[in-house]
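So, here's a batch of structures to check.
In the two complexes below, chain A is the common chain; its partner is chain B in one and chain C in the other.
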Partner chain A sequence: EERPFRSASGAALALRRRQHSASCRELAVRCPHLQLRSLSAATSAVWLAAYGLFVLTENSVVLSAAIFITLFGLIIYLHFVKIDQESLLVIGSLGIQVTSSYASGKESTTFIEMSQVKDVVINEAIHMQKVIYYLCILLQDPGDPQGVSEVVPLFQSSKPRLDCLIEVYKSCQEILAQRKTAPQSS
Partner chain B sequence: NSPAPLPERAIYGFALFLGSWFGFMLYLIWAYVPETWLFSLGLTYWPQKYWAVALPAYLLVAIGIGYILLFGINMMSTAPLNSTDTITDNYAKKQQQKKFQEEAIPALRDIPISEVNRMFFLPEK
Partner chain C sequence: MVLKVFFPSCCSSAESGILIGRWISEQNSAVILAVVHFPFIPVQVKQYLSEVQRVSKVSVSVLGSWSNSKQEKEENLTEFLEDLGTIFSHEPWIQISKEGDSKFWSCSTLQKHSNDPKEEEIILIYYDQRKVMLSHLHPPLDTSTSADPKAEDASKLSAIFDTVAKSKILFMTDRYDDGPIKLTHWQSDGVEASIIVELMKQASVPACMLLTFLLSLISGVCRSRVLKFWPLSFLWSKLSTCEQLGHRLQHLQVISSNRKAQNQTQLMRKANIFVSLLIDVALGILLMSWLYRKNRIGHLADTLIPVADHVAEELQDLLQWLMGAPAGLKMNRALDQVLGRFFLYHIHLWISYIHLMSPFIEMILWYVGLSACLGLTVALCILSDIIALLTFHIYCFYVYGARLYCLKIYGLSSLWRLFRGKKWNVLRQRVDSCSYDLDQLFIGTLLFTILLFLLPTTALYYLVFTLLRLLVVIVQGLIHLLVDLIDSLPLYSIILRLCRSYRLA
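Up next, the complex of A and B:
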């Protein structure tokens, strides 16, 4: 099922929940596509500035440089910055997999073993000039059963709001609760 | 350590008042009176009059930069989203559990974030 939500900055997101089995769930947050108006605005700004420089310096290299900068900038932005979808795959006895897919098609994945996962919580922290809610995985400290060794924030680019995070949180907790009721060593 | 008025504080206040007026008058005299007049009085070892304008200018620019600097320092010392400082700190880790007593208000303690989350977000009702 797919449901619409909003990000912390107001952009429209979509949360898709799929249940593969009783102990395996996939939650994916889809970010809005690159808007044509922001792309044309950025391109026009760069080209106007380059034309202004050309009028000042009478050097046509400035114009070619502006074209190359725009092209390369767009490619780098799509490949390294613009995230299309962030997904969380929770497998009850195995672990949690976090995938980010970029607009150019690149996917970067991180897998965290279930024995390292202490809990998945919604934390609030100061980010820039705002206080935002964000979902994070708490990693177990090997020496201290109550301690947290590391915090892994999730959905960093899409930054969904609290209602979306509560849905994801409830889904994750249903699966994490299973490992306490049925502990099997394997 | 109360901030109430005391005789010693009144004397300190008055001494500071007189001292600041004297300092201000000295600054005005140094800035405005021509050098030849001061030399004829025998007072020759003064700093350059350039500083009478330069020091206030430096001070105002420093105050303006101070606003921006303070804002920047605050942003830099905010814990990033992936640090454990957003969840706990030394005092919370070392806190001791008090024994639970019947019909008494439970002791104040730092509740772990997992418990807080369960209480806020899990109950359906």
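Up next, the complex of A and C:
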């Protein structure tokens, strides 16, 4: 099921929760699409600058260069920068998989084994003049059972607000709690 | 606890049979390696499995049954499959079945000896067998050898990767072989192998032996006493070409050794050296073919002498400038003239020497250019050596200027101490006071004044020639940097990371 939320900067997000089985949950946050007005603003800014240069230098290479720069820049932006959806797949006793899918269709995934995961927590961070909340996975330090070796932040480009994070946190904790009770049973 | 079953994606369309693989009880997971089809004789299956176990040291056993029925479910088949569980006793007995065109599979387990019959959750994981087999994940710690408790924290998934990687022997036979066992796994559509790779593997052994023999001959010649006499050994150590050739010889020896690589890092190192050598020789041959076309060597030789002349002329102009009033500074005329004339004479000698060599330059260059086929790095080293030889006079000037300046500074510091009435005590390595005679003081002060006022001239010459030498050293340094880059860039690892990233952990 999908529910609307807001990101830290005010954009509209959608959280989709799917429960595949008792120990497997998928949580996906969908980021807002690329706005047409920001795209046209960027394109017209680049082309106005190129036209200004053309008037100054009377060289038409500037215009074709501007077109190539716009196209290239758009392709690079869609392929490397603009994230469409970030999802978290938690499978109890196996691991956690974090997937980011970009606007051009590229998907980059990271898998963290359950034995390395210490806990999933919500942290606060002071960013410029705001305090933002973010969800992160704490990784176990192999030498020190109480220590944390690494912190993996999640949902970095969609930056959902606290209410969305609480939903995700509750879902994750339900599955993580199972692994504490599981070893006791046969 | 949750039961995890790892199923290879290539067996999803296989016909019904029994599943063989490894059961890892600590993690409650079953890694399925292949499917054995009907008809089979259980005794032969057990024999085959024990043989595989002996060779690959992976405890392979029968884990369950797989049924892929194209028609409707047959009742007696399910009972037959359950009865199989009694022949191959394995706890728990996994039954996976897939109907006809349905997308959904059903997976259940039979627990015969457990006391509480509860529904346990099963997670079925689909894995690409070939990629998992080729992925080199860090090897799991051997729990039998290492006694520390940290061994349990070793990654659990690496056990899965390790199991599939070690069971290569299982993948040698497939269902088209005429044996008693018919298996299905990732190679079951015919064993996948490339003719070229197999031929190269066969050819590599005698090639390695030949190469080792040749290399031992060459290194024996290099180490002979004839080449170790003083002028020659000094020359070899100064020429960077010889160093590079020695380096490459060492690389070749590493590659052509008969022992197989012990672990992953050694294998990667050998592969990197091999690829680097290949690229080097390819680029060198490319350079050679470009150089020898359209008589470029001739053009190069023709422009070499005028360039050397031009450099000498520029140096002469520089010296004339220094002998006048450079940058408005007033030099000591006599010393200036002496030093300037000395260096001018030196340049004159150098130019005559170059002109003497000029008829042979083209031939020398032609033969030296042939050595570019040994690799681009050798060609670059030769270029660096040629630059060093051509700018030898700048090196000489630098040495003269530096020596003069050094002597002057040394003398100045010693006489300054005398001026203040102190002396350097060599035994105690410190400055002591000392009472000099009057005539010692007189001569010392005189010499000190002379040296002090001659200091700017010498310092200027020293500065100018040091800067020139620095320029040459920078150019040579850049060339050597390029050579080192080609030598040590791990191209094989980079290409593997870009193309087959699952093979690098």
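Just so we're on the same page, the second predicted complex is superposed on the first by the 181 of 186 C-alpha atoms of A that agree within 3 Å, B and C clash if a C-alpha of one lies under 4 Å from a C-alpha of the other, contacts with A are read in each partner's own complex, and residues count from 1 in each chain.
Here is the rule we use: a contact is a pair of C-beta atoms (placed from the backbone, for glycine too) under 8 Å apart; a residue touches a chain by one contact, two chains touch by 3 or more.
As the structure is a prediction and not an experimental result, all values here were calculated from the model.
Once the two complexes are laid over each other on the shared chain, residue contacts for A:73 go to neither chain B nor chain C. In the superposition on chain A, contact is made by A:91 with chain C only, not with chain B.
In the superposed model, more residues of chain A are touched by B than by the other of chain B and chain C. In the superposition on chain A, contact of A:32 is made with neither chain B nor chain C.
When the shared chain is aligned, chain B comes close enough to touch A:126, but chain C does not. By the touch criterion defined above, A:23 reaches chain C but does not reach chain B. Of the two partner chains, chain C is the only one touched by A:142; chain B is not. In the superposition on chain A, contact of A:4 is made with neither chain B nor chain C. By the touch criterion defined above, A:115 reaches chain C but does not reach chain B.
Per the touch definition, chain B reaches chain A in the complex via residues 75, 78-79, 81-84, 86-88, 93, 112-114, 117-118, 121-122. The touching residues of chain C, counted against chain A in their complex, run 1-2, 4, 28, 114, 116, 121, 123, 125, 150, 153, 155-157. For chain A in complex with chain B, the touching residues are 118-119, 121-123, 125-128, 134, 136, 138, 146-153, 156, 166, 169-170, 173.
Across the complex, chain A meets chain C through its residues 21-24, 91-95, 113, 115-116, 140, 142-143, 182-183, 185-186.
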